[in-house]
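Take a look at this one; I'll ask things after.
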Amino acid sequence: MENKKYVYELEFKVRDYECDIQGVVNNSVYQNYLEHCRHEFLLHAGLDFTDMFKRGIMAVVARADIQYKFPLSGGDKFVCRLNVEKKGIKYLFYQDIYRLPDEKLCIKAIITAVTVINGKLSVSDELDAAVLKFG
Amino acid sequence: MENKKYVYELEFKVRDYECDIQGVVNNSVYQNYLEHCRHEFLLHAGLDFTDMFKRGIMAVVARADIQYKFPLSGGDKFVCRLNVEKKGIKYLFYQDIYRLPDEKLCIKAIITAVTVINGKLSVSDELDAAVLKFG
Amino acid sequence: MENKKYVYELEFKVRDYECDIQGVVNNSVYQNYLEHCRHEFLLHAGLDFTDMFKRGIMAVVARADIQYKFPLSGGDKFVCRLNVEKKGIKYLFYQDIYRLPDEKLCIKAIITAVTVINGKLSVSDELDAAVLKFG
Amino acid sequence: MENKKYVYELEFKVRDYECDIQGVVNNSVYQNYLEHCRHEFLLHAGLDFTDMFKRGIMAVVARADIQYKFPLSGGDKFVCRLNVEKKGIKYLFYQDIYRLPDEKLCIKAIITAVTVINGKLSVSDELDAAVLKFG
(Lines give C-alpha, C1' and ligand atoms only; values in the text may rest on other atoms or scores of the structure.)
Protein backbone atom coordinates (compact mmCIF):
# COMPACT_ATOMS: atom_id res chain seq x y z
CA MET A 1 0.00 0.00 0.00
CA GLU A 2 2.79 2.36 0.95
CA ASN A 3 4.11 2.63 -2.60
CA LYS A 4 0.79 2.86 -4.36
CA LYS A 5 0.07 6.27 -5.75
CA TYR A 6 -2.69 8.32 -4.15
CA VAL A 7 -6.17 8.36 -5.68
CA TYR A 8 -7.27 11.76 -4.38
CA GLU A 9 -5.77 14.93 -2.97
CA LEU A 10 -7.06 18.20 -1.58
CA GLU A 11 -5.19 21.41 -0.87
CA PHE A 12 -5.71 23.50 2.28
CA LYS A 13 -4.23 26.49 4.04
CA VAL A 14 -3.81 26.58 7.82
CA ARG A 15 -6.08 29.15 9.47
CA ASP A 16 -4.71 31.01 12.50
CA TYR A 17 -7.58 29.92 14.76
CA GLU A 18 -6.51 26.30 14.20
CA CYS A 19 -3.19 26.94 15.94
CA ASP A 20 -2.69 26.68 19.67
CA ILE A 21 -0.37 28.45 22.09
CA GLN A 22 2.63 26.53 20.67
CA GLY A 23 1.98 28.36 17.37
CA VAL A 24 1.29 25.12 15.52
CA VAL A 25 -1.88 23.39 14.40
CA ASN A 26 -3.54 21.68 17.37
CA ASN A 27 -3.39 17.87 17.17
CA SER A 28 -7.15 17.43 17.00
CA VAL A 29 -7.45 19.77 13.99
CA TYR A 30 -5.61 17.33 11.72
CA GLN A 31 -8.56 14.97 12.18
CA ASN A 32 -10.79 17.77 10.86
CA TYR A 33 -8.55 18.05 7.79
CA LEU A 34 -8.56 14.27 7.28
CA GLU A 35 -12.35 14.08 7.64
CA HIS A 36 -12.94 16.94 5.22
CA CYS A 37 -10.61 15.27 2.72
CA ARG A 38 -12.48 11.94 3.02
CA HIS A 39 -15.86 13.64 2.55
CA GLU A 40 -14.59 15.55 -0.49
CA PHE A 41 -13.19 12.29 -1.86
CA LEU A 42 -16.62 10.68 -1.44
CA LEU A 43 -18.23 13.63 -3.26
CA HIS A 44 -15.65 13.19 -6.01
CA ALA A 45 -16.73 9.54 -6.16
CA GLY A 46 -20.38 10.60 -6.38
CA LEU A 47 -21.46 10.19 -2.75
CA ASP A 48 -22.62 12.94 -0.38
CA PHE A 49 -21.93 12.21 3.30
CA THR A 50 -24.89 14.26 4.59
CA ASP A 51 -27.24 12.85 1.97
CA MET A 52 -26.18 9.28 2.90
CA PHE A 53 -26.75 10.11 6.59
CA LYS A 54 -30.28 11.36 5.79
CA ARG A 55 -30.98 8.04 4.02
CA GLY A 56 -29.84 6.10 7.12
CA ILE A 57 -26.36 5.20 5.89
CA MET A 58 -23.68 6.27 8.36
CA ALA A 59 -20.00 6.02 7.54
CA VAL A 60 -18.40 5.69 10.97
CA VAL A 61 -14.76 5.88 12.01
CA ALA A 62 -13.80 2.79 14.01
CA ARG A 63 -10.13 3.66 14.50
CA ALA A 64 -7.80 6.58 13.82
CA ASP A 65 -4.07 5.92 13.90
CA ILE A 66 -2.26 9.20 13.31
CA GLN A 67 1.50 9.72 13.27
CA TYR A 68 2.54 13.34 13.80
CA LYS A 69 5.76 13.71 11.77
CA PHE A 70 6.15 17.47 11.53
CA PRO A 71 3.89 20.33 12.72
CA LEU A 72 2.10 22.76 10.43
CA SER A 73 2.17 26.44 11.43
CA GLY A 74 -0.18 29.39 10.85
CA GLY A 75 -0.37 30.28 7.16
CA ASP A 76 1.18 27.04 5.90
CA LYS A 77 -0.25 25.55 2.75
CA PHE A 78 -0.54 21.78 2.59
CA VAL A 79 -2.05 18.92 0.66
CA CYS A 80 -3.95 15.97 2.08
CA ARG A 81 -3.52 12.83 -0.06
CA LEU A 82 -5.64 9.71 0.18
CA ASN A 83 -5.74 6.06 -0.74
CA VAL A 84 -8.41 3.56 0.20
CA GLU A 85 -8.73 -0.20 0.30
CA LYS A 86 -11.39 -2.59 1.55
CA LYS A 87 -10.59 -5.34 4.08
CA GLY A 88 -13.63 -7.40 5.02
CA ILE A 89 -16.28 -4.90 6.06
CA LYS A 90 -13.70 -2.24 6.79
CA TYR A 91 -12.50 0.61 4.63
CA LEU A 92 -8.90 1.60 5.29
CA PHE A 93 -8.16 5.19 4.35
CA TYR A 94 -4.44 5.90 4.08
CA GLN A 95 -4.19 9.65 4.48
CA ASP A 96 -0.96 11.61 4.43
CA ILE A 97 -0.47 15.36 4.80
CA TYR A 98 2.43 17.13 3.10
CA ARG A 99 3.39 20.78 3.59
CA LEU A 100 3.57 22.81 0.39
CA PRO A 101 5.56 23.66 -1.56
CA ASP A 102 8.42 21.63 0.00
CA GLU A 103 6.43 18.33 0.25
CA LYS A 104 7.60 17.80 3.84
CA LEU A 105 5.65 14.87 5.33
CA CYS A 106 3.62 16.13 8.30
CA ILE A 107 0.98 13.47 9.00
CA LYS A 108 0.78 9.76 8.22
CA ALA A 109 -2.61 8.35 9.14
CA ILE A 110 -4.69 5.22 8.75
CA ILE A 111 -8.40 5.80 9.32
CA THR A 112 -10.56 2.70 9.57
CA ALA A 113 -14.22 3.20 8.73
CA VAL A 114 -17.26 0.95 8.73
CA THR A 115 -20.82 1.45 7.56
CA VAL A 116 -23.84 1.44 9.81
CA ILE A 117 -27.17 1.21 7.99
CA ASN A 118 -30.32 1.91 9.99
CA GLY A 119 -28.36 1.25 13.16
CA LYS A 120 -26.80 -2.07 12.03
CA LEU A 121 -23.19 -2.73 10.96
CA SER A 122 -23.65 -3.42 7.24
CA VAL A 123 -22.11 -3.12 3.82
CA SER A 124 -23.29 -0.26 1.60
CA ASP A 125 -23.29 -1.29 -2.05
CA GLU A 126 -23.08 2.29 -3.26
CA LEU A 127 -20.12 3.05 -0.95
CA ASP A 128 -18.45 -0.16 -2.12
CA ALA A 129 -18.93 0.71 -5.77
CA ALA A 130 -17.62 4.23 -5.22
CA VAL A 131 -14.55 3.06 -3.31
CA LEU A 132 -13.75 0.13 -5.61
CA LYS A 133 -13.56 2.54 -8.53
CA PHE A 134 -10.45 3.88 -6.83
CA GLY A 135 -9.20 1.20 -4.39
CA MET B 1 -31.94 44.90 32.90
CA GLU B 2 -28.34 45.71 33.78
CA ASN B 3 -28.98 45.72 37.52
CA LYS B 4 -31.25 42.72 37.65
CA LYS B 5 -29.68 39.73 39.29
CA TYR B 6 -28.84 36.72 37.13
CA VAL B 7 -31.22 33.76 36.98
CA TYR B 8 -28.66 31.10 36.11
CA GLU B 9 -24.93 30.54 36.21
CA LEU B 10 -22.51 27.82 35.16
CA GLU B 11 -18.84 27.38 36.04
CA PHE B 12 -16.19 26.36 33.49
CA LYS B 13 -12.44 25.99 33.27
CA VAL B 14 -10.53 27.07 30.15
CA ARG B 15 -9.02 24.12 28.28
CA ASP B 16 -5.61 24.64 26.63
CA TYR B 17 -6.88 23.67 23.17
CA GLU B 18 -9.31 26.61 23.34
CA CYS B 19 -6.40 29.08 23.40
CA ASP B 20 -4.70 30.42 20.30
CA ILE B 21 -1.19 31.59 19.58
CA GLN B 22 -1.75 34.72 21.70
CA GLY B 23 -2.14 32.38 24.71
CA VAL B 24 -5.70 33.48 25.33
CA VAL B 25 -9.09 31.94 24.55
CA ASN B 26 -9.90 32.42 20.85
CA ASN B 27 -12.76 34.87 20.27
CA SER B 28 -15.04 32.29 18.70
CA VAL B 29 -14.76 29.95 21.69
CA TYR B 30 -16.68 32.36 23.94
CA GLN B 31 -19.72 31.70 21.74
CA ASN B 32 -19.28 28.00 22.57
CA TYR B 33 -19.28 28.84 26.27
CA LEU B 34 -22.35 31.08 25.90
CA GLU B 35 -24.23 28.43 23.89
CA HIS B 36 -23.44 25.67 26.37
CA CYS B 37 -24.60 27.93 29.21
CA ARG B 38 -27.90 28.67 27.43
CA HIS B 39 -28.52 24.98 26.74
CA GLU B 40 -27.78 24.07 30.36
CA PHE B 41 -30.13 26.87 31.47
CA LEU B 42 -32.86 25.40 29.24
CA LEU B 43 -32.25 21.96 30.78
CA HIS B 44 -32.48 23.57 34.22
CA ALA B 45 -35.82 25.02 33.06
CA GLY B 46 -36.95 21.57 31.93
CA LEU B 47 -36.21 21.80 28.19
CA ASP B 48 -33.70 19.72 26.23
CA PHE B 49 -32.31 21.48 23.14
CA THR B 50 -31.68 18.25 21.18
CA ASP B 51 -35.06 16.81 22.14
CA MET B 52 -36.79 20.04 21.00
CA PHE B 53 -34.86 19.88 17.71
CA LYS B 54 -36.03 16.30 17.14
CA ARG B 55 -39.62 17.48 17.66
CA GLY B 56 -39.16 20.19 15.02
CA ILE B 57 -38.63 23.12 17.42
CA MET B 58 -35.42 24.98 16.66
CA ALA B 59 -34.12 27.72 18.91
CA VAL B 60 -32.09 29.86 16.54
CA VAL B 61 -29.66 32.70 17.25
CA ALA B 62 -30.63 35.80 15.25
CA ARG B 63 -27.94 38.09 16.61
CA ALA B 64 -24.89 37.87 18.85
CA ASP B 65 -23.49 41.10 20.25
CA ILE B 66 -20.39 40.28 22.25
CA GLN B 67 -18.14 42.78 24.03
CA TYR B 68 -14.69 41.43 24.82
CA LYS B 69 -13.66 43.16 28.06
CA PHE B 70 -10.76 41.03 29.24
CA PRO B 71 -9.24 37.83 27.87
CA LEU B 72 -9.29 34.46 29.61
CA SER B 73 -6.07 32.42 29.57
CA GLY B 74 -5.28 28.69 29.69
CA GLY B 75 -6.32 27.18 33.03
CA ASP B 76 -8.51 30.12 34.10
CA LYS B 77 -11.72 29.29 35.92
CA PHE B 78 -14.76 31.39 35.11
CA VAL B 79 -18.50 31.63 35.53
CA CYS B 80 -21.04 32.36 32.82
CA ARG B 81 -24.10 34.18 34.20
CA LEU B 82 -27.41 34.58 32.38
CA ASN B 83 -30.59 36.60 32.34
CA VAL B 84 -33.38 36.34 29.82
CA GLU B 85 -36.32 38.48 28.79
CA LYS B 86 -38.90 38.26 26.02
CA LYS B 87 -39.46 41.12 23.54
CA GLY B 88 -42.09 40.35 20.94
CA ILE B 89 -41.11 37.01 19.45
CA LYS B 90 -37.49 37.43 20.50
CA TYR B 91 -35.71 36.10 23.53
CA LEU B 92 -32.88 38.31 24.73
CA PHE B 93 -30.23 36.43 26.66
CA TYR B 94 -27.95 38.72 28.65
CA GLN B 95 -24.84 36.65 29.23
CA ASP B 96 -21.78 37.83 31.10
CA ILE B 97 -18.58 35.94 31.81
CA TYR B 98 -16.53 36.62 34.93
CA ARG B 99 -13.10 35.17 35.72
CA LEU B 100 -12.89 33.35 39.04
CA PRO B 101 -12.10 33.90 41.78
CA ASP B 102 -11.52 37.63 41.23
CA GLU B 103 -14.85 38.27 39.43
CA LYS B 104 -13.12 40.24 36.67
CA LEU B 105 -15.66 40.93 33.89
CA CYS B 106 -14.42 39.27 30.68
CA ILE B 107 -17.44 39.12 28.35
CA LYS B 108 -20.66 41.12 28.15
CA ALA B 109 -23.01 39.65 25.55
CA ILE B 110 -26.56 39.96 24.34
CA ILE B 111 -27.73 36.94 22.36
CA THR B 112 -31.03 37.30 20.52
CA ALA B 113 -32.85 34.06 19.78
CA VAL B 114 -36.04 33.20 17.98
CA THR B 115 -37.96 29.98 17.55
CA VAL B 116 -38.49 28.19 14.26
CA ILE B 117 -41.13 25.44 14.36
CA ASN B 118 -41.31 23.09 11.39
CA GLY B 119 -39.47 25.67 9.32
CA LYS B 120 -41.64 28.67 10.28
CA LEU B 121 -40.80 31.55 12.63
CA SER B 122 -43.16 30.82 15.53
CA VAL B 123 -43.65 31.05 19.26
CA SER B 124 -43.07 27.90 21.31
CA ASP B 125 -45.43 27.74 24.28
CA GLU B 126 -43.16 25.40 26.19
CA LEU B 127 -40.12 27.64 25.63
CA ASP B 128 -42.20 30.65 26.69
CA ALA B 129 -43.39 28.96 29.85
CA ALA B 130 -39.85 27.86 30.71
CA VAL B 131 -38.34 31.29 30.11
CA LEU B 132 -41.15 33.23 31.84
CA LYS B 133 -40.53 31.23 35.00
CA PHE B 134 -37.21 33.09 35.16
CA GLY B 135 -37.56 36.22 33.02
CA MET C 1 -20.70 52.64 4.77
CA GLU C 2 -23.48 50.26 3.80
CA ASN C 3 -23.35 51.17 0.13
CA LYS C 4 -19.60 51.27 -0.24
CA LYS C 5 -18.21 48.43 -2.27
CA TYR C 6 -16.13 45.79 -0.49
CA VAL C 7 -12.32 46.01 -0.52
CA TYR C 8 -11.58 42.32 -0.05
CA GLU C 9 -13.27 38.97 -0.40
CA LEU C 10 -12.41 35.35 0.26
CA GLU C 11 -14.22 32.20 -0.87
CA PHE C 12 -14.78 29.19 1.40
CA LYS C 13 -16.62 25.89 1.40
CA VAL C 14 -18.44 24.63 4.51
CA ARG C 15 -16.82 21.52 5.98
CA ASP C 16 -19.11 18.88 7.49
CA TYR C 17 -17.40 19.01 10.91
CA GLU C 18 -18.40 22.68 11.16
CA CYS C 19 -22.09 21.73 11.21
CA ASP C 20 -23.98 20.81 14.34
CA ILE C 21 -26.93 18.53 15.00
CA GLN C 22 -29.26 20.99 13.23
CA GLY C 23 -27.29 20.26 10.02
CA VAL C 24 -26.17 23.87 9.71
CA VAL C 25 -22.93 25.66 10.50
CA ASN C 26 -22.64 26.23 14.26
CA ASN C 27 -22.96 29.90 15.24
CA SER C 28 -19.45 30.11 16.66
CA VAL C 29 -17.89 28.85 13.42
CA TYR C 30 -18.88 32.00 11.53
CA GLN C 31 -16.49 33.89 13.80
CA ASN C 32 -13.75 31.52 12.61
CA TYR C 33 -14.62 32.39 9.01
CA LEU C 34 -14.67 36.12 9.76
CA GLU C 35 -11.31 35.94 11.59
CA HIS C 36 -9.66 33.97 8.80
CA CYS C 37 -10.97 36.51 6.27
CA ARG C 38 -9.58 39.44 8.30
CA HIS C 39 -6.17 37.76 8.64
CA GLU C 40 -6.06 37.00 4.91
CA PHE C 41 -7.04 40.62 4.23
CA LEU C 42 -4.15 41.79 6.43
CA LEU C 43 -1.78 39.48 4.52
CA HIS C 44 -3.13 40.93 1.28
CA ALA C 45 -2.32 44.37 2.73
CA GLY C 46 1.19 43.20 3.57
CA LEU C 47 0.77 42.36 7.28
CA ASP C 48 1.14 38.94 8.89
CA PHE C 49 -0.95 38.50 12.07
CA THR C 50 1.43 35.96 13.65
CA ASP C 51 4.50 37.98 12.72
CA MET C 52 2.94 41.11 14.27
CA PHE C 53 2.13 39.11 17.43
CA LYS C 54 5.75 37.99 17.68
CA ARG C 55 6.84 41.63 17.46
CA GLY C 56 4.51 42.56 20.33
CA ILE C 57 1.70 44.02 18.23
CA MET C 58 -1.65 42.39 19.03
CA ALA C 59 -4.74 43.11 16.99
CA VAL C 60 -7.54 42.42 19.46
CA VAL C 61 -11.29 42.13 18.92
CA ALA C 62 -13.15 44.48 21.27
CA ARG C 63 -16.65 43.73 20.02
CA ALA C 64 -18.35 41.34 17.62
CA ASP C 65 -21.86 42.19 16.48
CA ILE C 66 -23.10 39.40 14.23
CA GLN C 67 -26.52 39.16 12.61
CA TYR C 68 -27.46 35.65 11.50
CA LYS C 69 -29.63 36.14 8.41
CA PHE C 70 -29.64 32.69 6.85
CA PRO C 71 -27.82 29.47 7.82
CA LEU C 72 -25.15 27.77 5.74
CA SER C 73 -25.33 23.99 5.41
CA GLY C 74 -22.76 21.23 4.86
CA GLY C 75 -21.12 21.56 1.44
CA ASP C 76 -22.31 25.13 0.78
CA LYS C 77 -19.88 27.45 -0.93
CA PHE C 78 -19.78 31.05 0.25
CA VAL C 79 -17.84 34.27 0.06
CA CYS C 80 -16.83 36.49 2.96
CA ARG C 81 -16.61 40.16 1.94
CA LEU C 82 -14.95 42.90 3.96
CA ASN C 83 -14.76 46.64 4.37
CA VAL C 84 -12.81 48.53 7.01
CA GLU C 85 -12.79 52.03 8.40
CA LYS C 86 -10.97 53.72 11.26
CA LYS C 87 -12.85 55.56 14.03
CA GLY C 88 -10.55 57.02 16.66
CA ILE C 89 -8.33 54.16 17.77
CA LYS C 90 -10.81 51.56 16.58
CA TYR C 91 -10.93 49.64 13.33
CA LEU C 92 -14.42 48.72 12.22
CA PHE C 93 -14.52 45.66 9.97
CA TYR C 94 -17.80 45.33 8.10
CA GLN C 95 -17.95 41.67 7.15
CA ASP C 96 -20.76 40.04 5.26
CA ILE C 97 -21.12 36.42 4.19
CA TYR C 98 -23.03 35.46 1.05
CA ARG C 99 -23.86 31.93 -0.07
CA LEU C 100 -22.68 31.04 -3.55
CA PRO C 101 -23.72 30.98 -6.28
CA ASP C 102 -27.09 32.59 -5.36
CA GLU C 103 -25.58 35.51 -3.34
CA LYS C 104 -28.05 34.93 -0.48
CA LEU C 105 -26.98 37.11 2.50
CA CYS C 106 -26.17 34.82 5.44
CA ILE C 107 -24.18 36.94 7.90
CA LYS C 108 -23.93 40.69 8.48
CA ALA C 109 -21.24 41.50 11.03
CA ILE C 110 -19.38 44.46 12.46
CA ILE C 111 -16.14 43.49 14.18
CA THR C 112 -14.44 46.21 16.21
CA ALA C 113 -10.71 45.76 16.72
CA VAL C 114 -8.06 47.70 18.59
CA THR C 115 -4.30 47.38 18.77
CA VAL C 116 -2.36 46.47 21.89
CA ILE C 117 1.39 47.06 21.64
CA ASN C 118 3.57 45.57 24.34
CA GLY C 119 0.53 45.34 26.58
CA LYS C 120 -0.71 48.92 26.05
CA LEU C 121 -3.67 50.11 23.96
CA SER C 122 -1.88 51.92 21.12
CA VAL C 123 -1.98 52.82 17.46
CA SER C 124 0.14 50.76 15.09
CA ASP C 125 1.45 52.90 12.25
CA GLU C 126 1.96 49.91 9.97
CA LEU C 127 -1.60 48.64 10.60
CA ASP C 128 -2.89 52.16 9.98
CA ALA C 129 -1.01 52.46 6.72
CA ALA C 130 -2.21 49.06 5.57
CA VAL C 131 -5.84 49.74 6.44
CA LEU C 132 -5.89 53.29 5.05
CA LYS C 133 -4.77 51.95 1.69
CA PHE C 134 -8.22 50.32 1.53
CA GLY C 135 -10.47 52.18 4.00
CA MET D 1 -0.74 -2.47 31.12
CA GLU D 2 -4.34 -3.28 30.23
CA ASN D 3 -5.19 -4.60 33.67
CA LYS D 4 -3.39 -1.95 35.69
CA LYS D 5 -5.70 0.44 37.45
CA TYR D 6 -5.85 4.02 36.22
CA VAL D 7 -3.80 6.72 37.95
CA TYR D 8 -5.99 9.70 37.06
CA GLU D 9 -9.51 10.43 35.91
CA LEU D 10 -11.52 13.50 34.94
CA GLU D 11 -15.26 13.87 34.46
CA PHE D 12 -16.81 15.83 31.57
CA LYS D 13 -20.21 16.50 30.06
CA VAL D 14 -20.71 16.59 26.28
CA ARG D 15 -21.58 20.08 25.02
CA ASP D 16 -24.06 20.35 22.13
CA TYR D 17 -21.63 22.29 19.92
CA GLU D 18 -19.27 19.28 20.06
CA CYS D 19 -21.82 17.12 18.21
CA ASP D 20 -22.11 16.94 14.45
CA ILE D 21 -25.00 16.31 12.12
CA GLN D 22 -25.09 12.64 13.17
CA GLY D 23 -26.04 13.86 16.68
CA VAL D 24 -22.90 12.39 18.21
CA VAL D 25 -19.59 13.86 19.32
CA ASN D 26 -17.41 14.54 16.26
CA ASN D 27 -14.39 12.23 16.05
CA SER D 28 -11.85 15.02 16.39
CA VAL D 29 -13.40 16.29 19.63
CA TYR D 30 -12.33 13.18 21.54
CA GLN D 31 -8.74 14.31 20.99
CA ASN D 32 -9.70 17.57 22.74
CA TYR D 33 -11.04 15.58 25.68
CA LEU D 34 -7.93 13.39 25.80
CA GLU D 35 -5.60 16.41 25.63
CA HIS D 36 -7.47 18.27 28.35
CA CYS D 37 -7.33 15.16 30.54
CA ARG D 38 -3.54 14.82 30.03
CA HIS D 39 -2.96 18.48 30.84
CA GLU D 40 -5.08 18.23 33.98
CA PHE D 41 -3.15 15.09 34.94
CA LEU D 42 0.12 17.01 34.52
CA LEU D 43 -1.25 19.81 36.72
CA HIS D 44 -2.25 17.19 39.29
CA ALA D 45 1.37 15.95 39.10
CA GLY D 46 2.62 19.52 39.65
CA LEU D 47 3.39 20.53 36.04
CA ASP D 48 1.70 23.28 34.04
CA PHE D 49 1.71 22.70 30.26
CA THR D 50 1.67 26.41 29.36
CA ASP D 51 4.32 27.25 31.95
CA MET D 52 6.57 24.46 30.58
CA PHE D 53 6.01 25.78 27.05
CA LYS D 54 7.09 29.27 28.15
CA ARG D 55 10.28 27.77 29.60
CA GLY D 56 11.03 26.05 26.26
CA ILE D 57 9.82 22.56 27.20
CA MET D 58 7.27 21.26 24.72
CA ALA D 59 5.39 18.03 25.31
CA VAL D 60 4.54 16.89 21.79
CA VAL D 61 2.22 14.14 20.57
CA ALA D 62 4.07 11.79 18.22
CA ARG D 63 1.22 9.37 17.63
CA ALA D 64 -2.47 9.05 18.47
CA ASP D 65 -4.08 5.65 18.13
CA ILE D 66 -7.77 5.98 18.96
CA GLN D 67 -10.35 3.20 18.85
CA TYR D 68 -13.93 4.44 18.65
CA LYS D 69 -15.99 1.83 20.52
CA PHE D 70 -19.26 3.67 21.12
CA PRO D 71 -20.35 7.24 20.38
CA LEU D 72 -21.17 9.86 22.99
CA SER D 73 -24.26 12.01 22.38
CA GLY D 74 -25.26 15.54 23.37
CA GLY D 75 -25.69 15.84 27.14
CA ASP D 76 -23.88 12.59 27.97
CA LYS D 77 -21.66 12.57 31.03
CA PHE D 78 -18.42 10.65 30.82
CA VAL D 79 -15.12 10.04 32.53
CA CYS D 80 -11.69 10.06 30.90
CA ARG D 81 -9.27 7.70 32.68
CA LEU D 82 -5.51 7.66 32.24
CA ASN D 83 -2.43 5.57 32.77
CA VAL D 84 1.10 6.43 31.73
CA GLU D 85 4.35 4.55 31.26
CA LYS D 86 7.76 5.47 29.94
CA LYS D 87 9.40 3.53 27.08
CA GLY D 88 12.79 4.93 26.08
CA ILE D 89 12.22 8.61 25.48
CA LYS D 90 8.52 8.11 24.86
CA TYR D 91 5.62 8.51 27.24
CA LEU D 92 2.70 6.23 26.49
CA PHE D 93 -0.61 7.57 27.75
CA TYR D 94 -3.31 4.91 27.90
CA GLN D 95 -6.55 6.88 27.86
CA ASP D 96 -9.99 5.38 27.96
CA ILE D 97 -13.35 7.15 27.96
CA TYR D 98 -16.39 5.64 29.67
CA ARG D 99 -19.93 7.00 29.50
CA LEU D 100 -21.52 7.67 32.88
CA PRO D 101 -23.27 6.34 34.79
CA ASP D 102 -23.35 3.01 32.90
CA GLU D 103 -19.54 2.76 32.41
CA LYS D 104 -19.95 1.88 28.72
CA LEU D 105 -16.51 1.94 27.05
CA CYS D 106 -16.52 4.62 24.33
CA ILE D 107 -12.88 5.32 23.50
CA LYS D 108 -9.70 3.29 23.91
CA ALA D 109 -6.64 5.35 23.02
CA ILE D 110 -2.87 5.22 23.22
CA ILE D 111 -1.24 8.62 22.90
CA THR D 112 2.54 8.64 22.45
CA ALA D 113 4.28 11.83 23.54
CA VAL D 114 7.87 13.01 23.47
CA THR D 115 9.59 16.08 24.86
CA VAL D 116 11.21 18.77 22.78
CA ILE D 117 13.44 21.16 24.75
CA ASN D 118 14.57 24.33 23.00
CA GLY D 119 13.83 22.67 19.67
CA LYS D 120 15.68 19.39 20.38
CA LEU D 121 14.18 15.98 21.18
CA SER D 122 15.20 15.59 24.84
CA VAL D 123 14.26 14.14 28.19
CA SER D 124 12.72 16.51 30.73
CA ASP D 125 13.77 15.54 34.26
CA GLU D 126 10.80 17.30 35.80
CA LEU D 127 8.35 15.56 33.44
CA ASP D 128 10.07 12.24 34.20
CA ALA D 129 9.85 12.76 37.93
CA ALA D 130 6.17 13.76 37.67
CA VAL D 131 5.23 10.80 35.49
CA LEU D 132 7.28 8.23 37.43
CA LYS D 133 5.37 9.15 40.58
CA PHE D 134 2.37 7.57 38.88
CA GLY D 135 3.71 5.26 36.14
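A, B, C and D are the chain letters, set down in written order, and residue numbers restart from 1 in every chain.
Everything below uses one rule, namely that a contact is a pair of C-beta atoms (placed from the backbone, for glycine too) under 8 Å apart; a residue touches a chain by one contact, two chains touch by 3 or more.
None of these values were measured; they are calculated from a predicted model.
Ranked by distance of CA centroids from chain C, the top chain is D. Simply put, of A-B and A-D, more C-beta pairs touch at A-D.
Centre-to-centre separation of chain A and chain B, using mean CA positions: 34 Å. Between the Cα centres of chain B and chain D there is a gap of 28 Å. With centres taken as mean Cα positions, chain D sits 23 Å from chain A.
Residue numbers of chain D whose C-beta contacts span two or more other chains: 16-17, 19, 21, 23, 26, 28, 32, 35, 50, 74.
Taken in their complex, chain C has these residues touching chain A: 15-17, 19, 23, 32, 35-36, 39, 43, 48-50, 73-75. Across the complex, chain B is touched by residues 21-22, 26-29, 31-32, 35, 50, 53, 58, 60-68, 71 of chain C.
Per the touch definition, chain D reaches chain C in the complex via residues 16-17, 19-21, 23, 26, 28, 74.
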